[in-house]
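Two complexes follow with chain A in common, the first pairing it with chain B and the second with chain C.
And now, the complex of A and B:
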């Protein structure tokens, strides 16, 4: 801890009593406050994470050969990228993430604009809209699984009966299962995107908005030329948050399709959990986990740059 | 109907009558749209509620029955099949335990990082934020082996410990941003008046961030309560929480959707009520904790 600047003027009695400069005591105090959390994270999160990176270079299966490890280099990563199931999981995860986030953004922005006017009515609407966010994701999966069941589900039955979907239902079709799961994710998380964008809208400087209105700009012009550029940092923030979460999708897929039919909805997380905690293929599962961490880190880094650039631009205006 | 912000800001009487009606019409359209969206949005939730009160004979009727006589049979059945109180207890212990531990670790850490003049303090804060975004599977595998080696596998402790990594990272980041937006003047003044460093933190800074602490606690509880992946692999039949029981019950022959819906009541209603009653803090947590 090296800090050059000195603190505010303080009574000398204190320094004498402790025999230590106040600045040093403050540093020690802050260090003592931060240390438990830092140590905790290091031991329970970072250490397992480092172990996971190490495991990914080994052929390490708890159920085979007594759980002995053999160094295989990058073989687990090569396997993931060349193996059909692995490729499919990677593609599915990206399709799911992009599909879900794009719709959540468009619908969320619409909702946020509708809710912008500050009134009691809108606040009550927002509170109710946030209910899906609070429901256990597991239960969300179960709800949609039941609603879409072709024999007794309120939607599934009629969709199949009227010939809109195949008789086996949306979740059982290889082409329809993934879009259906994207839809479920959109249902669950659009209110959150709307909420974040709404917070951004409410923080916009009102003088600029009023000036634009006074200049006689149409609603669309004001939205495109004034509101959107100023809102851009918030937009990127909402996008990156949802992308990171959507990339880790597990609960809703696990309960509805379990990755099927025929890997059509297998995501990286579902695949990783299956490999690691069902087949105890620790090496391979660690490689899957590390690939997803890498993808998430790259997305986060890209968006952080975009947010910074948008922030600078918004401040120039 | 040019602007909503300007018209709303001006006193009503100052406006020409025609514009007021245009604004009113616009508000009416917006509200109708919102109510319609809300109705469509609530269908899945209403289904979940309705299905729990549906008599078993209507459960699998095909085509599905829309009208039925509500009954509490499913709830009686839930108590026959599951040890609901034990499941609730597990869920409560896990979520409150993890929330308490996370606050205990995260609040002081957030304060220290916000007040530190060390130039890498912000970097450390960002590291906490990054920990929160790591997919749980990456740490779960080594953590599972770790817990197996020290004999905590199957206990509440294992779940509390791993949930606390994500929760503590979240609380630290959230409290970091709360404390940072707080002016230092009060603490400095208290220190010059002879207050101890601990007193400046505990009695001066802490009370001003109560909303942040409530929001953090709410999110820790919600996260642990809703999780099932971690609990599924780290608990056994005695220590499993509601979410795991729900998953296990699902697909079993003698469990109908009605029973499942009734059990789901116990797992969703507490969080839903918490979010509705503490709406202000919930919204704060969603918007502020993510920055």
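And now, the complex of A and C:
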């Protein structure tokens, strides 16, 4: 019995001694090929992420007590969720993201449908539509700040003069500032959503659409029952891209209102940058960053799941 | 033969060259040294950059002036201190950073050097308040003042005359006059101040708050943001914005505020003395002939104290001793009476010396210098508390005051909220 086992084991160990099997060697070779990428991601993404998570459990301010660290557990997260500025920043970020993305989707889909038919006019329109996308968000913020200024802005001056807005202007009102910034985001990014959806529309199989038309489906029925289900993967792609971007909005707010008036437009990123780079309150800033990463990751995961389901469904049809 | 003589000639030339070099070094003790300054983008920055070659001529040290806006200056220098990267040798320090610098030992304590070179510095000629407030904290001198600013009130003689109103001498008169002078239909406003969220509104409100008897800290140095005096002064500040300021003022920072005054929209404005030369400059100002500068009005019955601000020059503590000495030489040069005068002849608007403020040539050019001199003699540099927690306190106030100005937030509630958060910092 014992001898049998030992003889059974021996050949195997002999083989291992003589070298790895081809499959193992191949695996090792492929791993080695991937190694630079793995190291890169570890250094550039994973290590800072891990550090950021670690810092968030400390009271760690570079300007206090010579930058010493004190472990405080989840206190930074509790602070963020209980203090009014933090709550406001979270709410503002969600309102901004949902408001901006919903409008961008509805308007973008409308534009995409209008531009669907391939004609010279539509192609020219599309080229012009993309101009806002090519401007840096920071510059867009500066442009709108200038346009809406009540003292000298092209729009702001007349809007206030004619009594359409309050004399202090849109960006200085606690109830109007956030909607104005959402509008700016919509202005800038709707064309991108339209472009993505248009690409999806152009890739739709024409035979199915023709069949639906031949069967006597109305335009609305074709849109709701044929086009939209087939377009879903693209829709989710556009939504997830915009949502991730909108959630970490910083530049346009930073240069227009700086999070004000009061805390009306304070977003998580604006708050985090202030804590981290102005007060060097690294622990708290890390907590803010982690919360926003978590939110973005959850939303992205949800949408990825939806994309996969929609894909499967679209292929079944 | 030829070879040898060429060699001999070469050796001789080399010896000569090195002899010349040594002579030069004795003449210019700092030859080969480069001093890099991180400078706030105030009026003095361009002037220092312009005059720096004179220092080079005298000592041999090259001076590089890196001119930065307030936010970048703060971020870059803090990163330099925390990371010990020695990017900057000299740093312009805002008066309110003294606490933070002292607590963390970022810069060289100049106390001993000042004692050693007291005669050369002519310390008697420098206003004690500038030395005390711009750089002195807990017994350390973390920076040496080179640009003192006084809070002053700028007013429009023509508008006051037309309305038959005297130049306000008390805070109460100021409020009355500001409201009376306002006539939106003619686009004339009685008052302007910073309303923009953040440092802008916080600093301006703190100025008015001090004049109305308010204070950020209590007698024990603990935060008292929601004291009765502060709430009362915030109510007045809001009243001024509602009744007397241009509508856009709630979003003004220093630039917008100054511009509205120079463009002739505004009758009364409290400001830093450093901006005053601009009102007399026809290239940028529409009010050259009608502007007056006087003391900031203080509340009735309160001690006459005038806000002091400004910048000190600090030496990075990470430098070795030799470099520290070189940097100190630069500071001594910068604050010398001659250079101070030349700086101000070039429009720096930065004063620390009695002799500079009394200089006839400068007084002929800038008629408001006696106002600065008297303000410096009764200066209060602590109305913006120079404690390590100041940046956070300023930010809390910057949000709270702005919330009161733009919305319906009750002043007491806003300051209560700020106080609750400020207490966490102590």
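Following the convention adopted for this analysis, the second predicted complex is superposed on the first by the 281 of 317 C-alpha atoms of A that agree within 3 Å, B and C clash if a C-alpha of one lies under 4 Å from a C-alpha of the other, contacts with A are read in each partner's own complex, and residues count from 1 in each chain.
Assume contacts are C-beta pairs under 8 Å (C-beta built on N, C-alpha and C of every residue); 3 or more make two chains touch, one makes a residue touch a chain.
Predicted, not measured: the structure shown is a model, and the values here were computed from it.
Enquirer: After the alignment on chain A, I want to confirm one thing: do chain B and chain C clash, or do they fit together?
Expert: Overlaying the two complexes on chain A (C-alpha atoms) leaves chain C and chain B fitting together cleanly.
Enquirer: Counting residues of chain A in contact, which comes out ahead: chain B or chain C?
Expert: In the superposed model, B touches more residues of chain A.
Enquirer: Identify the partner contact of A:277: answer first if only chain B is touched, second if only chain C is, both if each is, neither if none is.
Expert: Both chain B and chain C are touched by A:277.
Enquirer: Please work out whether A:20 is in contact with chain B alone, chain C alone, both, or neither, and reply first, second, both or neither.
Expert: In the superposition, A:20 contacts neither chain B nor chain C.
Enquirer: By the touch definition at the top of the document, which applies to A:84: first (chain B), second (chain C), both, or neither?
Expert: second
Enquirer: According to the stated criteria, A:208 is in contact with first (chain B), second (chain C), both, or neither; which is it?
Expert: A:208: touches no partner chain.
Enquirer: Once chain A of both complexes is superposed, is A:171 in touch with chain B (first), chain C (second), both, or neither?
Expert: second
Enquirer: Is A:290 touching the first partner chain B, the second partner chain C, both, or neither of them?
Expert: first
Enquirer: Could you tell me if A:306 is touching chain B, chain C, both of them or neither one (first, second, both, neither)?
Expert: Neither chain B nor chain C is touched by A:306.
Enquirer: Of the partners chain B and chain C, which touch A:262 in the superposed model: first, second, both, neither?
Expert: So A:262 only meets chain C here.
Enquirer: Touch test for A:102: chain B only (first), chain C only (second), both, or neither?
Expert: After superposing on A, A:102 lies clear of both chain B and chain C.
Enquirer: Tell me, in angstrom, the smallest C-alpha to C-alpha distance between chain B and chain C in the overlaid model?
Expert: After superposing on chain A, chain B and chain C come no closer than 5 Å at C-alpha.
Enquirer: Shared contact residues on chain A for chain B and chain C?
Expert: On chain A, the residues that contact chain B in one structure and chain C in the other are 151, 277.
Enquirer: Can you tell me which positions in chain A touch chain C when the two form their complex?
Expert: These residues of chain A touch chain C: 62-64, 66-67, 83-85, 149-151, 160, 166-169, 171-174, 257-263, 274, 277-280.
Enquirer: What residues on chain A touch chain B, complex-wise?
Expert: 1-3, 5, 8-11, 14, 25-27, 29-31, 33-34, 36-38, 40-41, 44-49, 51-52, 55, 111, 114-117, 121-122, 125-140, 142-144, 146-147, 151-154, 157-158, 161, 187, 192, 195-196, 199, 206, 209-210, 213-214, 216, 218-219, 222, 237, 241, 244, 247-248, 250-251, 254-255, 268-269, 272-273, 276-277, 282, 285-286, 288-290, 292-293, 296-297, 300
Enquirer: Across the complex, what residues on chain C touch chain A?
Expert: Listed in rising order, the residues of chain C that touch chain A are 71, 74-75, 78, 82, 100, 103-104, 196-198, 246-248, 250-251, 256, 260, 388, 391-392, 395, 399, 402-403, 405-407, 409, 417, 421.
Enquirer: Show me the residue ranges of chain B that touch chain A in the complex, using the header's touch definition.
Expert: Against chain A, the touching part of chain B is residues 2-6, 8-9, 27, 30-31, 33-35, 37-38, 41-42, 44-45, 47-48, 51, 59-64, 66, 104-106, 108-109, 111-113, 115-119, 124, 127-128, 130-131, 133-146, 161-162, 164-166, 168-169, 172, 188, 191-192, 194, 197-198, 201, 222, 225-226, 228-229, 233, 243, 246-247, 250, 257, 260, 264, 267-268, 271-272, 274-276, 279, 282-283, 286-287, 290-291.
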